[in-house]
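Quick one: this structure, given as structure tokens, is what I'll be asking you about.
Chain naming follows the written order as A, B, C, D, E and F, and within any one chain the residues start at number 1.
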Amino acid sequence: MIETVLFAELAWPQVASRIAAGAPIFLPIGATEQHGRHMAMNVDAVLPTAIAERVARRVGGLVAPTIPYGNRSQPKTGGGRAFPGTLDLTAATFSAVVRDVLLGLFRHGAQRIVVLNGHYENISPAIEAIELAFDAIGRDRADGLIVLRLDHWDLIAPGTIDRMFPDGYPGIELEHASVIETSMMLALRPELVDLAAAVDDGPAEFVRWERYGAPTPEVPASGVLSMTKGASAEKGEWLLHDIVEALVAAIEREFASNQRGPA
Amino acid sequence: MIETVLFAELAWPQVASRIAAGAPIFLPIGATEQHGRHMAMNVDAVLPTAIAERVARRVGGLVAPTIPYGNRSQPKTGGGRAFPGTLDLTAATFSAVVRDVLLGLFRHGAQRIVVLNGHYENISPAIEAIELAFDAIGRDRADGLIVLRLDHWDLIAPGTIDRMFPDGYPGIELEHASVIETSMMLALRPELVDLAAAVDDGPAEFVRWERYGAPTPEVPASGVLSMTKGASAEKGEWLLHDIVEALVAAIEREFASNQRGPA
Amino acid sequence: MIETVLFAELAWPQVASRIAAGAPIFLPIGATEQHGRHMAMNVDAVLPTAIAERVARRVGGLVAPTIPYGNRSQPKTGGGRAFPGTLDLTAATFSAVVRDVLLGLFRHGAQRIVVLNGHYENISPAIEAIELAFDAIGRDRADGLIVLRLDHWDLIAPGTIDRMFPDGYPGIELEHASVIETSMMLALRPELVDLAAAVDDGPAEFVRWERYGAPTPEVPASGVLSMTKGASAEKGEWLLHDIVEALVAAIEREFASNQRGPA
Amino acid sequence: MIETVLFAELAWPQVASRIAAGAPIFLPIGATEQHGRHMAMNVDAVLPTAIAERVARRVGGLVAPTIPYGNRSQPKTGGGRAFPGTLDLTAATFSAVVRDVLLGLFRHGAQRIVVLNGHYENISPAIEAIELAFDAIGRDRADGLIVLRLDHWDLIAPGTIDRMFPDGYPGIELEHASVIETSMMLALRPELVDLAAAVDDGPAEFVRWERYGAPTPEVPASGVLSMTKGASAEKGEWLLHDIVEALVAAIEREFASNQRGPA
Amino acid sequence: MIETVLFAELAWPQVASRIAAGAPIFLPIGATEQHGRHMAMNVDAVLPTAIAERVARRVGGLVAPTIPYGNRSQPKTGGGRAFPGTLDLTAATFSAVVRDVLLGLFRHGAQRIVVLNGHYENISPAIEAIELAFDAIGRDRADGLIVLRLDHWDLIAPGTIDRMFPDGYPGIELEHASVIETSMMLALRPELVDLAAAVDDGPAEFVRWERYGAPTPEVPASGVLSMTKGASAEKGEWLLHDIVEALVAAIEREFASNQRGPA
Amino acid sequence: MIETVLFAELAWPQVASRIAAGAPIFLPIGATEQHGRHMAMNVDAVLPTAIAERVARRVGGLVAPTIPYGNRSQPKTGGGRAFPGTLDLTAATFSAVVRDVLLGLFRHGAQRIVVLNGHYENISPAIEAIELAFDAIGRDRADGLIVLRLDHWDLIAPGTIDRMFPDGYPGIELEHASVIETSMMLALRPELVDLAAAVDDGPAEFVRWERYGAPTPEVPASGVLSMTKGASAEKGEWLLHDIVEALVAAIEREFASNQRGPA
């Protein structure tokens, strides 16, 4: 069978030996959400999956199947549920999925797990999921289990942001479907991006509150919260490089004292 | 952007127009479950996804992201949770995921949905999920929504079974990780199968009850419930052909009276 | 007080001593579901209750109160919810009831429990219920608890089927409200059967998928999935004999190594 | 088939016609709970079932299957969960069962439902269940549905209490397993009562609070909260008469303006 | 910082030392519910909070933040949800809040907790909450935790009732918004009472059942179930005195054997 | 009765008339969470409550009872659950409370609701709560209901931040228990702050991920994430002024087109 870091592409004896050797397990959590007229809806799943694969190859890890549906899309962070095509889960459902997968990994002896997120709205219910998993296991019976949780964009180096946005950075809060995500998609899955279809109707200028029961007219009609101009595959590789290196370093730091087996 | 039938590889305006034109939407539901020493753990996800893609190309449909984690694995149908690597969801979690995705599709106007299953244990909680979706919508407000649910193996033609098993068919209830699944995997993803690693320790002879709190020693140690001998990519294509043709026919029959738009 | 195997007809000190002596506890799970124009709606409750009583008398067991409402009726296995009178539970509710009763029995020290099912749709949520009970107890704290789960019809001997259906067996999947159930009801509760009211509108020829949001016209209007012709009390006793003997043997086999007290 | 008021002993066409004619439906809710050393544990199920049957015969109603497991037993009202044999449900489970049955009855067109309770601890979660059913239906779509809820002991006439307790009434709050319940069981199911086994260790003198995490030593060891002395079948009939007459009157009063069909 | 018995008005090191010293923790549970035309809607929160503060000062305890929303208001005990302004929780929500707070207190080492209730409808779901907390902790791992639960009105001395109602007591079941509650509010928060606005339209004469799907015309239009006449601050102090003294005594009795630290 | 904007301090007829007149309803959502050695644990409840009261007086609104327990405290935003005294709710419980209160307000006819948050971890489950409320109501039946949700700190004017932090702003993400919150508490409840007890052990320098199953040593031992130095009541009034003015303006803008009655 193939050389792979994908958990589900292995046969069970291979998974068993990798877990026994202390392999970190990555759980990418994504979304199926509009990402502008110029890009596929699987961006939030593609990016953490690809990053997890690169890191797993570096650290001897495995990548569990990506959760392809995320927590409810919100207007100010993803355009919201009004956009056609966005398919999401309630917070309770999303948390339950992540909790159940974590419990399964723990049951099989995994003690080093990285929940790698690609969708802003997943942050809070993923935290809740991890808490629920520890609640179910019992804090005093978790036996060395460590779960790291992070958002890939948080690992971008400040210097890279400066290089990418010489005219000023609109801020991560407007990056949905914008230069950062578009660049990484161009680097990873260029066939899922069509810059010619991009519409320049941003950036959004949001009010400092949210409305429910009424539309959020500040969301650009394209679904791109700031802009796509300037996106490139080369910049995408800059970003992926930052994130992968930072994540490798994080894993080495956090899991060093938790070694099991030869790794 | 690429020609694709994958829902999440489209940009949102494309999804919108395809749904408006009446495209059937396929939701493959899978699992991450041991499938013997010779095969990857993603069989139950790979098969319904591949079948859905083939059928979608025939009928102008779209394939929503596959749910990669299934309902709790059971010894008599999948080897059970004791096998390393099997990651599953509680029934409530699994049903909630399927329900939420169905509600999202309905919200976007989809009226023809096919839930295509690859994992035995998913049958009942997928039914519950569909019922819960209709409960949430309101039976009297569902406005033409039709959801079909099926298991791919049920569409295999009896004649094909006879050709595949000239010495007698052990029965579908023992087909987990066995000739049928292995053959289709050889046809679709041969790199995920290593027949040399197959162990001939079946078929299982189960008692007519289930035990909890005690092991199920009748499960062959390999995790293959009947046998892998005789599996081939050619036979895999026979099976896929049967299933695809039967599903195309089913869709034409069931959705004919439910036409929307030009299709 | 009376000689009885019914758990709830005993006073509490009697239950305490019977559990302490290692009595197996039977939990019959039924349904309130249409069973044709010729038969009462309590068939799925009456049969496992009666079988459990017979077996309990043989093995020194007790029969806990039958759960009279089952998981959602489906067209292909029970006619579906469209039939007047069918009262059912969501899967989550049904599983919660079974889980709670199992937890209660475990709390009182019962270690040998048999969940005996009479309604096809109960199978999967009863399995989930047992899993949930072990989740709640903690797999490592279950302290010898063994739960068996079975469907009474699975214990019918193949030879008996041959005797009953000399012209060929339509298959268990069509037996809802048909010869097998009707015969056992004639043996046990003849006053709840009126063969004169039976309508001969089967057998059902189902398509190989399920539809939701649309009717299932293949269900015979009577609600009988195959046929009632040929049903008799005598045949009912054949069936009950098979099931009782097989269950007694199963209990002796499975619980032998789990003896507590003099039994 | 037999003359019966038991919903589940009818075939579906009979249920359909009875509901169409406006038959009130009774749902007895019980428990499996210790009732002293002298009495079976099914008292809380037997009494409301028997009362419902008597009333149903008077008013042309039907009695749905009794829910045999009740909400968690508490020391001050039922002796508590420490008594062997008491099997109960969490409040959420109990409410879900009652809600689901009510929704099923509403789906079939029933508009006059009586939830008749025999177990003190069921009161509050039964109310919640009814509220949840109306929540699920939609208050503005309930279309004439009326649900009455009551506890059988509330319908005993004050004069009867005076006749039964010439030396003073200990109060309904101590009546668990005591003279009232014992008398009605003697009238209805004398084989389930053994007055010779009764122990005279009451009445309980409870403190005015409840303790959790510590025992309730005030509960008499027998489980009888006040006394059994003076119980008789004759008095049981007095009580049943009161309750049946009052319930018939209540139904006539409450459902008069809600007539459907000839009744 | 101030001398206070309010848990949330302390800084965390102060809470830590008070819990370590064995301080009993009071959790007042209230409601936001109509209390007549003459009184604020926070009565059920104000009363247990004030009582808890008085008792906490006596026994060295702390008062956790009052839960201001209670379980669903019912017509016969609080006027019901039809009254404008009443804001309540489902039973499941209410129980979850109380459970979570109890689990938090246990996590911090608290072992003596008093759940002090001011709203009739909270009784049952508060009991369930305590049971759920023990379920989550594990009965065998609760490590000395004792939770008392009580309703403030149960601690009123019989003699005080006689003094207050020389012409006869309508009974506690009609005391909603009536003389007892009004008197205590006059003693504690006179600015929230306007006796001039009281309407004399009681007492209610309820039928012995509850109706759902239909109004409860027996509820007086004012929302006062019996009467306000005769209420006074002086009587309020009589009542508060009774309750505080009885609760101090109860705590001394119940927690004596559970001493930790110097208290 | 008193002049008040507190919903629960009114009698029901007053609430009824205020809602009928279109009064916006404020729902403050808080927490009981450590806020350093120098400050009470109710900061997250006190601040949004006080702000809501000031705004309500300006716009003729009412303030519903503050929810005093918040969603699970996290190390990077509130110090985490390891600090003594922090009492929190699971996300599901917190969302359920907010949902139920919103549904109650909607039931009474309120159409203009402001959920005003004081605790970072509440953001996501409050959003979910609002979504769940609209799910329960039905998006098409919400009949003009508008819910605004905001965090008070988002309404601080940038110029005020500059005035407060002439040496540079550590950023809102470190403001837990720091200058901003301390200043507002000094303005509102000075008796709950003891600057002399403040410890200067910040600011926190967090890693860009979260750990579960292991401590977060980056949290300063005091629980103050950045610093308290420079806090003053005067600055607190600057902040409150900003927030109140911005919220008044937001309400005028958002609710202008939703007028009901004379306001």
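The rule is short, and it goes like this: contacts are C-beta pairs under 8 Å (C-beta built on N, C-alpha and C of every residue); 3 or more make two chains touch, one makes a residue touch a chain.
From a predicted model like this one, the values you see are computed outputs, not experimental measurements.
*Asks:* Going only through chains that touch each other, what is the minimum step count from chain D to chain E?
*Replies:* Minimum number of steps from chain D to chain E: 1.
*Asks:* Is the C-beta contact count larger for A-B or for B-C?
*Replies:* Output for the comparison: A-B.
*Asks:* Matching C-D on over half of contact pairs, by residue number: which of D-E, E-F or A-F?
*Replies:* More than half of the contact pairs of C-D reappear in E-F.
*Asks:* Averaged over CA atoms, how far is the centre of chain D from the centre of chain F? Could you give it in whole Å?
*Replies:* 47
*Asks:* Based only on mean CA positions, could you tell me how far chain B sits from chain C in angstrom?
*Replies:* Here chain B and chain C have centroids separated by 29 Å.
*Asks:* Would you give the residues of chain C that are in contact with at least 2 other chains, written as numbers and ranges?
*Replies:* 90, 92
*Asks:* Should the pattern of chain-chain touching be classed as line, ring, star, complete or other?
*Replies:* If you draw each chain as a dot and join those that touch, you get a single closed ring.
*Asks:* List, in order, the chains that make up the ring, beginning at chain B and going on to chain C.
*Replies:* Listed round the ring from chain B, with chain C adjacent next, the chains are B, C, D, E, F, A.
*Asks:* Help me check something: in the complex, which residues belonging to chain F touch chain A?
*Replies:* 71-72, 74, 90-92, 95, 121, 123-125, 127-128, 130-132, 134, 142, 144-150, 154-155, 207-214, 246, 250, 254
*Asks:* Could you please specify the touching residues of chain F with respect to chain E in the complex?
*Replies:* Contact set of chain F toward chain E: 1-2, 6-13, 15-16, 19, 32, 34-42, 45, 64-69, 81, 83-90, 92-93, 96-97, 99-101, 104-105, 107-109, 191-194, 197, 223.
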